[in-house]
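The structure under discussion appears below in the form of structure tokens.
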Amino acid sequence: MIVSKTQRLTVMLQGLRPALFSLLGWDLVIVVCYKVLHWKWVGSSFVPLGSFGAVLGIIVGFRNSSAYGRWWEARILWGAIVNRSRTFARQVLTTMSPERSATPAEQTEVADAQRELVLHQVAYVHALCHQLRGQDPVPTVVRLIPTEDPAKLAREKNLALKLQTRMSAMLVAARRRGWLDEWQWQALDQSLAGLMDSQGGAERIKNTPMPKQFDFFPRFFVQIYCLMLPIGMVVDLGWYTPLGSTLVGFLFLALEKIGRDLEDPFENRIHDVSTTAIATTIEINLRQLLGETELPPPAQPVDGILW
Amino acid sequence: MIVSKTQRLTVMLQGLRPALFSLLGWDLVIVVCYKVLHWKWVGSSFVPLGSFGAVLGIIVGFRNSSAYGRWWEARILWGAIVNRSRTFARQVLTTMSPERSATPAEQTEVADAQRELVLHQVAYVHALCHQLRGQDPVPTVVRLIPTEDPAKLAREKNLALKLQTRMSAMLVAARRRGWLDEWQWQALDQSLAGLMDSQGGAERIKNTPMPKQFDFFPRFFVQIYCLMLPIGMVVDLGWYTPLGSTLVGFLFLALEKIGRDLEDPFENRIHDVSTTAIATTIEINLRQLLGETELPPPAQPVDGILW
Amino acid sequence: MIVSKTQRLTVMLQGLRPALFSLLGWDLVIVVCYKVLHWKWVGSSFVPLGSFGAVLGIIVGFRNSSAYGRWWEARILWGAIVNRSRTFARQVLTTMSPERSATPAEQTEVADAQRELVLHQVAYVHALCHQLRGQDPVPTVVRLIPTEDPAKLAREKNLALKLQTRMSAMLVAARRRGWLDEWQWQALDQSLAGLMDSQGGAERIKNTPMPKQFDFFPRFFVQIYCLMLPIGMVVDLGWYTPLGSTLVGFLFLALEKIGRDLEDPFENRIHDVSTTAIATTIEINLRQLLGETELPPPAQPVDGILW
Amino acid sequence: MIVSKTQRLTVMLQGLRPALFSLLGWDLVIVVCYKVLHWKWVGSSFVPLGSFGAVLGIIVGFRNSSAYGRWWEARILWGAIVNRSRTFARQVLTTMSPERSATPAEQTEVADAQRELVLHQVAYVHALCHQLRGQDPVPTVVRLIPTEDPAKLAREKNLALKLQTRMSAMLVAARRRGWLDEWQWQALDQSLAGLMDSQGGAERIKNTPMPKQFDFFPRFFVQIYCLMLPIGMVVDLGWYTPLGSTLVGFLFLALEKIGRDLEDPFENRIHDVSTTAIATTIEINLRQLLGETELPPPAQPVDGILW
Amino acid sequence: MIVSKTQRLTVMLQGLRPALFSLLGWDLVIVVCYKVLHWKWVGSSFVPLGSFGAVLGIIVGFRNSSAYGRWWEARILWGAIVNRSRTFARQVLTTMSPERSATPAEQTEVADAQRELVLHQVAYVHALCHQLRGQDPVPTVVRLIPTEDPAKLAREKNLALKLQTRMSAMLVAARRRGWLDEWQWQALDQSLAGLMDSQGGAERIKNTPMPKQFDFFPRFFVQIYCLMLPIGMVVDLGWYTPLGSTLVGFLFLALEKIGRDLEDPFENRIHDVSTTAIATTIEINLRQLLGETELPPPAQPVDGILW
């Protein structure tokens, strides 16, 4: 996610430059043909730039609003992961407790189990963040749960799902030992189900691209429109054609690119939802609830990009 | 669902070609009449192409946004089926357990019941996928639950509903034997209710087409607009008319087709939501939770189409 | 709901014909005045058809998207009634059971109570369908529950609500006799509350029309626009005016009608949500769950209309 | 809420007349200056009415869709109040009951408590309706619960909240006496929490107007546009200017007014959501559930307005 | 949030003035060059102001609707905080009670615990309000809970989360002492989870700005459009150019600013959601439920701004 407040134009133009220069070149070709070589047939002021542009605006506008919808839904799903991780940790830490007659040894056991559950939740979040972006989640999980065997983890097709199933088994065990009553178990189980809903939603966005038509036609028609622009303008604007055509073309190219950038929010690109930063925030919050004081630093933007 | 990244234009034009060639032919007829036969009355630069086009853009744009809404809702419903299937399997595998004093024989019985429930869930998902597309769900169900009698299954009007009712009865039986307590039963029952909500939503989209007006008028007016295009352009564009008219007509025809493709997502066409692939993913996830290692391969695109 | 695939234009034009013929007549009057009587003042090429049309398109487009929203919400609410009816029946049939020590007589009693509850649910759905459309629900209810006294039912202002209250009392009684435990009662009670939410939503759409302004102004301005069309076109189009004006006017009249048709989905008109067909589907599903084999036939379209 | 089907134009024009007459006067001034006094400088056919109008349409259209969203959300919230009131009454009447060994005196006590709870719910709905509109809720509450002290009620800042807190205490008391078990108490408590959500939603809409910019700029720019209309039209339309300008201006003024009317649905104006009628419907439904036969008459429209 | 009804234009123009004066200056430069210096090349009536403006309207309109969506979602989240705070307090005050055999001392203890929980909830809301706006929440929290150590509070990275965790522990303690049963504890725990969802939603809006492209391109293209306005108008409008250009430019600048103002609702600016006022309302409601009579005054607008 771009967060830098300076050097804006440079970052914004990333990826637009080749198209802009091609358009400028094409404009110059047309204007030279018309004004220098006097090939009058290359220009026609009747090219229906107006209607074409308006309908193109509607198509691209709709694509963009859908793309923004996907991006914002991705962010909402990760926001829900934040909320539910916190609620899960709060519930584990306040409700899980040994029975009154427990020995000190059992009390330590409960504390260990609480800590393990919360760290598993942190590992779950990091694993989900990595596997959505197609990165290897194993190193981070091993950092948080050092007792894990990396080779075994690597065999899992959906490591986050595996971690959650293990947490579910830990909760059932805790309940059998009397550390949780039925009500508390139910509240924790619902938190896990809610996390699975958010995970599934994020995987849905990842695995279902926008219909290809929404990707193909806007770009195709914007390119055709840019080809027509100098042809339709050169009769009236003459030598000003490159300026006018590039400005209008820039508007459409930028509009088309805004949507394209946002439509896939988990692709390890600069326009991603900043899931690494969110996962780090969750780790800080949950470690602080555990009473730790050596917290990882919050994620910082790198070159104006927050990952 | 189209996923291929190459050969795009060819796939995209599927179904548009006849309309484009008819339009081109009509353009040529008009331009020949006007320029060769000098029938001046076939052209008029006052045909209100502009306003007609803008309002047509609004109509078709609205149809498309509704059609995309149906398609995306269908995908969300199947996403919810993924989440709830996983949560259901996780709950069955971690919470269902014999009482402490159980004999080894009973422990085997519990494990068998767990496996049967999870496989029923896989069969439920495949059955729903097939019956939505109007395919015969029986072979897949028999593959997963070999003890079933195909003839009996074929008599069911809604096989998925039947499978779920049977799972519900299995859960009640498990509870009577003490393998589930009330809380766990409730959590599983809610998962079943949630799956029925998703099934009902998918059936609603399948059984309720877009209002016919939304289907009929956009196509009708786009056709009229294409008929008017060369008439309105030939005076100004002359021999360029076929080019200009076909480009603008292409824009509207493509716009109209995008919506038509998406509005019915369970019709066994290339624009369907890829429910077979989703059902296969669920089968892989659930079999891995069961501890199986011989997993079916993930669904692969065929000729760029993921079914 | 229109489902026929043939004879489209005829059905679609229903209700539009008077307006189209009036418009054509008005066009002819104007063109005769202008071209035959040479009353030049009836035409002016400066009538602002363009801006007026664009803004009108925005108004009508917005009305239509709201109307479609109402129609689709009505369909979603009835879809939820399908889901919840099935879940209710599944829960009644699998969870309600006599205690282990029950006599055969009591077992028969339980089976009767189950059957009665499921039939009440079918009656509830049919009653809701009829009372939303302003039809008399009593005959259908008496068909399903023959022990009812029609005269008494006719006194109820909201028969569906009454039926549900009675089902609620039956559930409480079943619980007192030990046929349901608390958990099962709660699940069933939540299903009833969910059905009441859907009923209330449908009644809300029925009782709250679109704000009258949204109804009045689009029609009013479309009529004014149609009056202006030939005046603004006759100077340029001459004898072609009736053709051009009728086509553009048709576009707006159709656009306006699409919204008007959809905005009230429970009015016993051909554009209604097909609640009778949905209620019949529920009856088939629930009777099949009861193990009946003599099922009512699914609702069939009559003259291309599914009621 | 306007429900009359006749006298439409008169009601619709309420509040628009002053603006329309001002516009007509201004049109006449301009046309007289231009055609009679020959002040040619008052007219210019290059005033950019087209682009200004299109963008203005987008602004006002967006404001209107937000305003309609507020109005419809208000109606949905009141619809939820209907559903939840009915569910609350159904639950009170079917689940609350004395223990089996209860004396006849206690049975009467339970019946009284049921009746009191349902009447409190009716009073709650009426109180909410009045306090949202800034009216005094005390008389209606006293009508329904005659034992109340009006002076004490008048001191409450949020009477509906107070009534609900008292109902909550009554439920806890009923539970202590064994008239409700935990499950039933929970279901009733959730109904109260749901009612509080709806109340809070309605108060949110009441207390948070649309951002003032959305109110100010549309009206401001529509006024400017109306000032420019005759200036831009007089050169081409001459003496027809007042007609053309007033028609186009009427379109924008009406468009602007539609949104303004709907944006605040609890202001005791003719465009309000008809909360009094809804509250009366709830009273009728709940009294009928109580078995009463002397029901208040349903709310009737007064001069075409349903309050 | 702006609530003043007078001095509107002045407040509305805040922040727009520099841009308007720059535009006016530029207009004058162009018109002087064209009309006085006769540099004919500075004007061209073929600048495509129309298409550029329409597409720009679509871009900015979409940005605005997203920005309004963020603002209104922020308001809905705070509305949910109001509802849940009230429900939490209602539940604490009516359900928490000592066992029947409690000593008077214990009864006082319960009352103290109730009061402490409700005040913690008030502190939680104020803390969230302050930390969202980047203000120091410690003084307000210390005002409400005087026993707190300010230095210790200041070390918390997320004070609201900390306060809620402490409330959660207080509820678990209350339950251990028998003041709450499991059902009541569950209802209260769900209220806390709901509050955490609202907090997380507000933090999501705070921490995730609109994609920078939506911020950058609308402003950039509006500026370019304003530069082109007098160039495109001067040929036709002559000395009227500054008037026409400024009016059209004002429309776009205002449109762009409306969205920019709303997109970040927790920035301590005049366009913020009025969270301080909402927090004060919650404090008044909850203190009145506690039976207090010395209530803080409701928040009043300062210079027409409600914070």
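Structure notes:
The first chain written gets the first letter, and so on, giving A, B, C, D and E; residue counts start at 1 in each chain.
Please note the rule applied: a contact is a pair of C-beta atoms (placed from the backbone, for glycine too) under 8 Å apart; a residue touches a chain by one contact, two chains touch by 3 or more.
A quick note: this is a predicted structure, and the numbers were derived from the prediction, not measured.
To fit its Cα atoms onto chain C, chain B must turn through 70 degrees, a value rounded to the nearest 5.
Here the spacing of chain A and chain C, counted between their Cα centres, is 39 Å.
Chain D has its Cα centroid 24 Å from the Cα centroid of chain C. Residue positions of chain E with contacts to 2 or more other chains are 50, 54, 58, 182, 186. Remark: ring traversal beginning at chain B, heading first to chain C, gives the chain order B, C, D, E, A.
Interface residues of chain E facing chain A in the complex, by the touch rule stated above, are 44, 46-48, 50-52, 54-56, 58-59, 62, 66, 156-158, 161, 164-165, 168-169, 171-172, 182, 185-186, 189-190, 192-193, 196-197, 199-201, 203-204, 208-209, 211-214, 216-217, 220-221, 224, 228.
Every residue of chain C that touches chain B in the complex is listed here, in rising order: 1-3, 8-9, 11-12, 49-50, 53-54, 57-58, 61, 64-65, 68, 71-72, 75-76, 79-80, 82-83, 86-87, 90-91, 93-95, 97, 181-183, 186-187, 191, 233, 236-237, 240, 244, 247-248, 251-252, 254-255, 257-258, 261-262, 271, 273-274, 284-285, 288-289, 295.
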